[in-house]
Structure formats: structure tokens, C-alpha cells
Amino acid sequence: MSDPLLHLVQAGVRYVDLGRQLRTGMPQSPNHPAFHHSLPRRHGDMERADGGSAANDMISTGTHVGTHIDALAHVSQDGRLHGGADAREAGLGGRFDELGVHTIAPMLRRGVLLDIPGLLGIERCADGYEITVADLEAAAARRGLEVGAGDVVLVRSGWGQRFAEGAPYVGLDSGVPGIGEAGAHWLADRGVHAAGADTIAFERLAPGGGHATLPAHRVLLVEHGVYIIEALDLEELAREDRHEFTLVLIPLNIYGATGSPVRPLAVFAQ
Amino acid sequence: MSDPLLHLVQAGVRYVDLGRQLRTGMPQSPNHPAFHHSLPRRHGDMERADGGSAANDMISTGTHVGTHIDALAHVSQDGRLHGGADAREAGLGGRFDELGVHTIAPMLRRGVLLDIPGLLGIERCADGYEITVADLEAAAARRGLEVGAGDVVLVRSGWGQRFAEGAPYVGLDSGVPGIGEAGAHWLADRGVHAAGADTIAFERLAPGGGHATLPAHRVLLVEHGVYIIEALDLEELAREDRHEFTLVLIPLNIYGATGSPVRPLAVFAQ
Amino acid sequence: MSDPLLHLVQAGVRYVDLGRQLRTGMPQSPNHPAFHHSLPRRHGDMERADGGSAANDMISTGTHVGTHIDALAHVSQDGRLHGGADAREAGLGGRFDELGVHTIAPMLRRGVLLDIPGLLGIERCADGYEITVADLEAAAARRGLEVGAGDVVLVRSGWGQRFAEGAPYVGLDSGVPGIGEAGAHWLADRGVHAAGADTIAFERLAPGGGHATLPAHRVLLVEHGVYIIEALDLEELAREDRHEFTLVLIPLNIYGATGSPVRPLAVFAQ
Amino acid sequence: MSDPLLHLVQAGVRYVDLGRQLRTGMPQSPNHPAFHHSLPRRHGDMERADGGSAANDMISTGTHVGTHIDALAHVSQDGRLHGGADAREAGLGGRFDELGVHTIAPMLRRGVLLDIPGLLGIERCADGYEITVADLEAAAARRGLEVGAGDVVLVRSGWGQRFAEGAPYVGLDSGVPGIGEAGAHWLADRGVHAAGADTIAFERLAPGGGHATLPAHRVLLVEHGVYIIEALDLEELAREDRHEFTLVLIPLNIYGATGSPVRPLAVFAQ
């Protein structure tokens, strides 16, 4: 066992689970097919001659459900995807050959938590609050951290506390806190690989505005090729006061899709 | 950055992807709903006032599709699940509260590849060949490895070379190579945490026998609580001649389901 | 052409369509998987050598969506289905062999419209209004009609005017008008074959009560074996002032299901 | 009760069901998502305070499954739909606004059965047999019938006897009997409204040719706007020796879809 990674892992690592549990009825964006799960076969339905039985599952769902990652193919601007490809032509065949979620490599990267309520001394950011560049910089500086190229940056608004409430978490009427266009530029300027948040649309939604205008998506996905992770559970990470970690995120390798449910982990050796 | 794991990761790690790509039409067991993907919205369908557009996905699928992991709730014997719970009662409510796939913790563990064709000096094991205990022991000994408690053991038959052929990979008529009941006991006796293979049913299928009799599933899932991983892609790992590694496997956290598609990685620091 | 039915049909019949159009996003009960439609293949995705191309569909849905019929297997009371069968055992195998929707014969029957707003001289019944037995009797008497054995009786509340509004049509908070337990007994006493309404739950929902208590379902489905049709569009029929007609309703023959979307027609020879 | 249609119906009509039962695992074209049904909730899963319980369904499916009808939007030729519209533009938005299945009016029309095995004195037509114009004309003449404008013509090959066999019914390797391009022109020349058959692709499939070349689809759907009905069960109708009847066919009103499962009835007054 000469591999130092395996040596570390064998010595014992721990993780904080940043993914939401996938359940029928969980809150989600009305823009996407909802997650439904059923058991077509249960034990007791039939038994083989040898006394064995197998139960199984049936699922229908969008990919932008639960905690999930947006592929670059998800969003276009003025008819173009990231890199300039014609967005309509790119989807021919019912799949995105070029920028689909299958092109997102699994991530084992430095993760940084920017805890805005922790910075501001509040429980969570207010409905529709736009997290400013000053907020982001102060949250990093408070922990002595710098956001660097290739990092995965997770912005905590505290809104994830409302996940169990359902519709209020989606916040179509109330608005939802998050970064705006300025914050997206700040992240892109630092060369981050992906950015995530504990809300359903990642970025700030103005009260009453629904999910229709998403400038941070444009900046990150289209202009800079930065992946977006949504509906993260960042509460335990904040409680544990961990702000720098190994982020492990493995998208499903769905050929040509615009996103994938994921279960990111913040992993620690000590 | 004092965490040694993060230090290693920042220094650079690499991985071999052990998961199959999820595509409509890929081979799969006829026992489960097939994987289907569609784009309900493509770019060009509508554009918002600001020039933005979002494409999205719709998926219907079983959970035992592509590379996937079996939860302990998947199989019962004589009406009982692992640990003795009544299998029929356990599924009440349309979900397995106790042994569903949500109870499988993400894995960062020692992985061991037992390469049987490599051992036998053949391209791949024959249709319906039962991989013996002697094969397993010799494959480990050849690399100076021991299978230990908590390990994830991946048994390569070479059958994965046929994945692209479709129906022949499923092998309903031909039979499929794999371990049998004896091999399952050998793995369970060593206290492995999970066991995987490059075939659709993990264990040996006799020619003409279909998928009806699965003694290794009984031994591992029901009698010993060992998870099973199916339809792995082990070809690259064998080509690279890597037999010991850090196995990273993160099931989707689907409440109460009997399995989950996964994309396991074999990760190396050097 | 000696068949008198064919003679009539050839001479010309007309119909009023009583079914709602199935569309992604239409209002529906939160108790059931929503209707989603997508085109996996569109024209332009690929063309065969001979210049031909085929587009196709993918649907995920419950069966209690849009205008639909409830099979007797849908509801149980105190663990029993209509006729006394054990309700839990009846669903073994993941299907209802006995009282599933496949056991509902296609209907070509006398249909009777009982137009309550027409009777009361109002646009539509108020939120949560319980349509009384006196209302039902007066609506029939006003047209000189009697409800008879084997008829299909459609009770119009006018609530169908709100279908296009979405959530208000579902009425989880507001309540929804309809018959109650007394009205259900009145219908059952007359030996009707099926009963329908222009609301999502057929029967009256008290304001704030959600969809949890459904006594008319118990009386009709469980106690008397009378099918229930929900989310009908009865507006045009009322506008045309037609109260007696040939009702044609053909459920999908889904083996073992608890319901089916339907598109009932009121047909007239003149 | 002055309506003569209602008078006839009340006097008693009977029907022969021409639709196949929808069941998980039934044979179907590999070009379309398969039909899957599950019960997310069964009785016994939970009981309301009042002792009531509701079971429900979850379905994922294509629309070209079981007995079904093809909308005109299903097929294009050289980039054009029936009437000349650009086929790619017509599907924008993920739905066919113009020629989708929602534009097929429910049918109460003269139906004519052309029983080819009955004519030829055989059990069923051979694999890949092309039913000729002479066959069609002789089958009609034998019963003294003429095919007229607006009729729905059902061509029986006897292949429906194989439905229960599964894959042989689909006939990808063997070929399947049916009309060819000449037969399609003959039907179109007579101005039929729709044409159906007891096979999965309606038209003749050459042995070894798969489902790739479908000239009768082109002639009927694209060139003449004649609907196609597939996978009919015509066995009972032939056994009863009924060749002229009232055909009742009501597609689901799925906005923008390319087809719909249907359950057509042949109805008789006497």
C-alpha cells in the first residue's frame, strides 16, 4: 500500500454530506419535471422457487432536482452556448454532445465555504437579499482564506434551513437570497471551477420575480464556463465551522443531459 | 491548508472512471424499467426577454440501470431481509425505511481488483464460467494483495468488453461468467464491505438460466449485509495494471429505494 | 348497411368533448404524479436514407390526471375494497387483478347533466359549497328528467371555469364545491353506473380541509361500486343547454391500475 | 328521450374491443419508450383517521405503445409534414401545435374490416408477406363491401395471434406482413379517414429490414393526411365474421404529441 492517498483513507477520513435526500414531494423548481419514486415490485409480490425475492424501483424525474449540478449546455445567451456554439444546433438529436453533463469531470478539488450569515451574525439572509462582493470578500478574509483558480466555492445564505418547509424554500413570491451579477463576476475573475449555494436557483431572486431572470447563470455558465451547484445543504458544514476542505462531487454520466443530481461531500482527513 | 488530504488533492490526484455512461438504449436487465432521457425544452424553444434560454431534461428509469449498487433491501430470502426483518412489512409505504439505498454511506475505501482473465491469460472468461475460490485467491496472491475487512473488491471477468454489443452483454441465453455461491462465501468470510463485477448480474449466470437464481446475492445481501455493485467498467483499470486503489463511490441518497446508479472512481495520488 | 347504429352515425352525429386537454403544467391533485410530456426525437434530429423522419413522445404521469375515471380499486375503507376483498392483499403484485381500471367496461350509456349553477341562477357554486340532495332533485326536475339505473350522472358546479387558473382550481385552501355524503347516497340509491363532476376531487372539499376526507368516494366506490369521473369540462354542455345524451367513455385498458385518463363525449344524433 | 341515438343505445348495443391491454412487458417497437406501470401507494401503506385509504399509479411510457394512433406530426418526408410545413420548425417548443394528436377528432365512423387470412383461407399471412391491392379488393368484394370516403379501414393479417409471444410479434428479424406502398395508395385513393392493422408497424416489414423503411407511412401520413392505427386486436372481430360496423375511437387529447394509445371499439346495435 504505497499510495499516500490510500494510506490516508485507510487511516480514516470523515465527510460532511452536502446533498439533500431525494424524496417524492421535496421542494423543487416548477420549471422541471418533479422527482417521483415508486416500488413496482415489493417483497411478497412473488417469490422464486428457491425462496428468494427482489424488490425494485421506478423513477421519473428531471435532472435539476434535489442537490444538482448545471452542465454548461443548460443555459444559452442570445442563441449561443459557452464557447460560441449555436445553442439550437447543439441540442439536435435530443442531447448535447458537446457541453452535456457527461463532459463534467468528477471533482476532487479544494472547496471553500463562504458563510454569509456567519459573517453577518444573523441566522440567515433575508428574502431576496443580494449577497455583495464585499460580503464574499469579508467572509473569505474572516477565515484567512483566498479563493483560487480551480476551487469550488460554496456560498451559504442560510436559506437551506427552509428546505423542509417546501414551497417557502422555492420562494417564488418571497424572493430568495444569493449572489447577483456582481458576485458572479467576482467568482469568475478568481477562476473558480464551480460555484454552489444552498438555494434552488443559486443566485438571488428578487421578491415577486419568479425564476425568470438569472444573470449570474449567464455570467458563470455561458460567459465563463463555471459550473453551478444548487440546493446544497450547508448547515452542518457551518455548524462545524469548516471553511476549507476536499470537495468530492461526481455527476452521473448522463450522455447529453443538461444537469445531474449530485451528492457532494466535504471530506477531511482530520 | 493544514489538512493532509487536501494537501494531497491539491498536489494532484488522478482517477479511473469505473462507471458506464447512462444512455437510452444501453443494455440492461429486463427485470427493471429501462433508462430513458429526453429534452423537454431545447434552446430555441423560447427565449426570455433578456436573451437567455434554458434547456432541461426528463428521465424515466429504474435504479438498477447502468453501473449501480444494490441496497440490502433489494433482495429477501424466505420472507426476510438482512438482519431478519419481515421483508413485506419493510416495504410498506412504498419505500424501505430501514435498508434502503439512503442507508448506504458514501464510500472512500480501499479497493482491490481481482483480475481473473489477467490471471488466466485469456481475453475474457467464457460464457457461464464460474469464477472459483482458487481463482480469487490466485488473482490476489499474484499481486501480493490480501483482501481485508472493509475493502471493496471488484472481480473482473472481462465480460465488460461486450457492453457495447447490447443484448449479448445481458447474456440471457448464453450465460455470463462470475463468482458463484462459493465465491460469495469467500468474500463474506473476509469481511468485505462491498463487492462488484463487470457484468449485469454480478454473479455467474448459467447458460439458459436467465436471471432467476442468484445465490451470491443471497449470501452477500441477505446473509452478510455486503453491498453489490454491477455493470462496472473494469477494462481501463486492468489495462493500467492497477490492483489496489482508493475507491470512491457515492450512491444517490434516494429515500427508501432498493438501489442507485453510481459512478465509482478508482483514485490514485501517484 | 343494415345496422341502425351505423345508419345513424353515417347520417351524422355530433359530440361535445367533456375531457380536458392533457398538458404539462395543468392543475392536478398533489396526491398524484404530475403529467409530463416531452419529445425525445423531433424532426431534424436525424433523417433516414430515404428522407423520412419520425418524431416521438415520452410521458410520465399518474392516472388521476386531467379528466379521469376512478376504478373501484382506488379507494378502500377499513381495509376493504368494494365487495369486501382485503384491500392490501388485492394490490399484491403491484396491480389490482380484481377491481383495476381494466375491469371498467367502455361506456355507451345514457348521460344526464345536473346543472346546479343553472338551477341556482349563478355563475358557479361558491368555494366549499355542498350541493344538496334538494339541489340535485330540483336540477333534474327542472328539465323533466329522472335519474335512472345505469345512468352516468354529471354534476356541474361551474368550478370548471377556473381550470385555466391552475392552483385555484385545485382549491386546497379555498375549498371546492360538490356533493357530499348525502348526495352520494342519493346517486347510489338511484343505481347510477358512474358519477362525474367538473372538479378535481368530484366531491365537496371544505375550506382548509385539503383532499384528506372524501366521504362521497367511500359511499360510491366502496359501498356501492359506482365509478367516479373527475375534472370534466361541462361548460359547453351547459351553454348548449343539453341535459340528456349518449355518454361515450372508454378508459384505457391498463391492467391493474387504479384509474385512467379519459376523454368522455356527449354524443347527439340531432 | 327524443334523441334516436340515445334511444338505440338504451335499447342495447354491444361492442368488440379492438384494443390491446396495456401491461408492463408487452411487445412494442424498440423505437419508443416502453410502457411501465407501478403503484406508488397501495392500500395498507397508510390509512386516514376515518379508515379510508387511496392507492394510486405512476406510469412512464411512449405514446406509440399498445394499440395506438399516429398523429400526422409523427412522420415527415424531406423535411416536410403533411401540408408542407417545415417539420423541424413545427416541433419547436417541444410540441406540435399544428398536427399533434390533439388535432385528431374523436371518431364515430363507418369501420370496414378487410380480412386477408379469411380471404386466403389461411390462419395468418406469412412473415414479411406484402398484402396486395388485389387482396384488399377481393377481401372487400367477398363481403359485398366498398371502401368509401371517410371510412376507417382495418386490415387483418392474422399477425395479432402472435401478440402474446412478445418479440416474435415485433418481428425485427422475421419481417411482418402488411400492406406496402401500393396498398397505401389504394387506401388513400378511396379517401379513407384512417387505416389500421393488427401489427406493430401497420405496414409490411421485409425480413431482416427492421423498422427503418416505412413507405406506407409516408403515403398515408405525409402525402394524404390519413391517420394510422397500429397493434389492433382484430381476432374476435374476424371470428364473429363482422366486416362493417361503427368504429368508435377517442385519442387522448395530449397537446402536441405525435400519437396516443387508444382503445377502439367496433359497436353494433344488433
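For clarity, chains are labelled A, B, C and D in written order, and residue numbers in each chain start from 1.
Rule of thumb we're sticking to: contacts are C-beta pairs under 8 Å (C-beta built on N, C-alpha and C of every residue); 3 or more make two chains touch, one makes a residue touch a chain.
Protein names from UniProt, one per chain: A, B, C, D = Kynurenine formamidase.
Owing to the predicted nature of the structure, the values given are computational and were not obtained by experimental measurement.
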Centroid comparison with chain B (Kynurenine formamidase) (C-alpha atoms), farthest chain: C
Gap in Å, rounded to a whole number, between the CA centres of chain C (Kynurenine formamidase) and chain A (Kynurenine formamidase): 41
Distance between chain centroids, defined by C-alpha means - chain B (Kynurenine formamidase), chain C (Kynurenine formamidase) (Å): 45
Inter-centroid spacing, chain B (Kynurenine formamidase) versus chain A (Kynurenine formamidase) (mean Cα positions, whole Å): 25
Residue list for chain A (Kynurenine formamidase), restricted to those that touch at least two other chains: 33, 36-40, 42, 44, 58, 60, 94
Pairwise touch network: line, ring, star, complete, or other: complete
In the complex with chain A (Kynurenine formamidase), residue positions of chain C (Kynurenine formamidase) that touch it: 25, 30, 33-34, 36, 39-42, 44-46, 60, 92-94
Chain A (Kynurenine formamidase) contact footprint on chain B (Kynurenine formamidase) (complex, rising order): 1, 3-6, 8-10, 13, 15, 17, 19-23, 31-33, 37-40, 42-44, 47-48, 50-64, 66, 73-79, 81, 87-88, 90-91, 94-96, 102, 106, 108-110, 212-215, 217-218, 244-246, 248, 250-259, 261, 263, 265, 267-270
Chain D (Kynurenine formamidase) partner contacts - residues on chain A (Kynurenine formamidase) that touch it in the complex: 24, 36-40, 58, 60
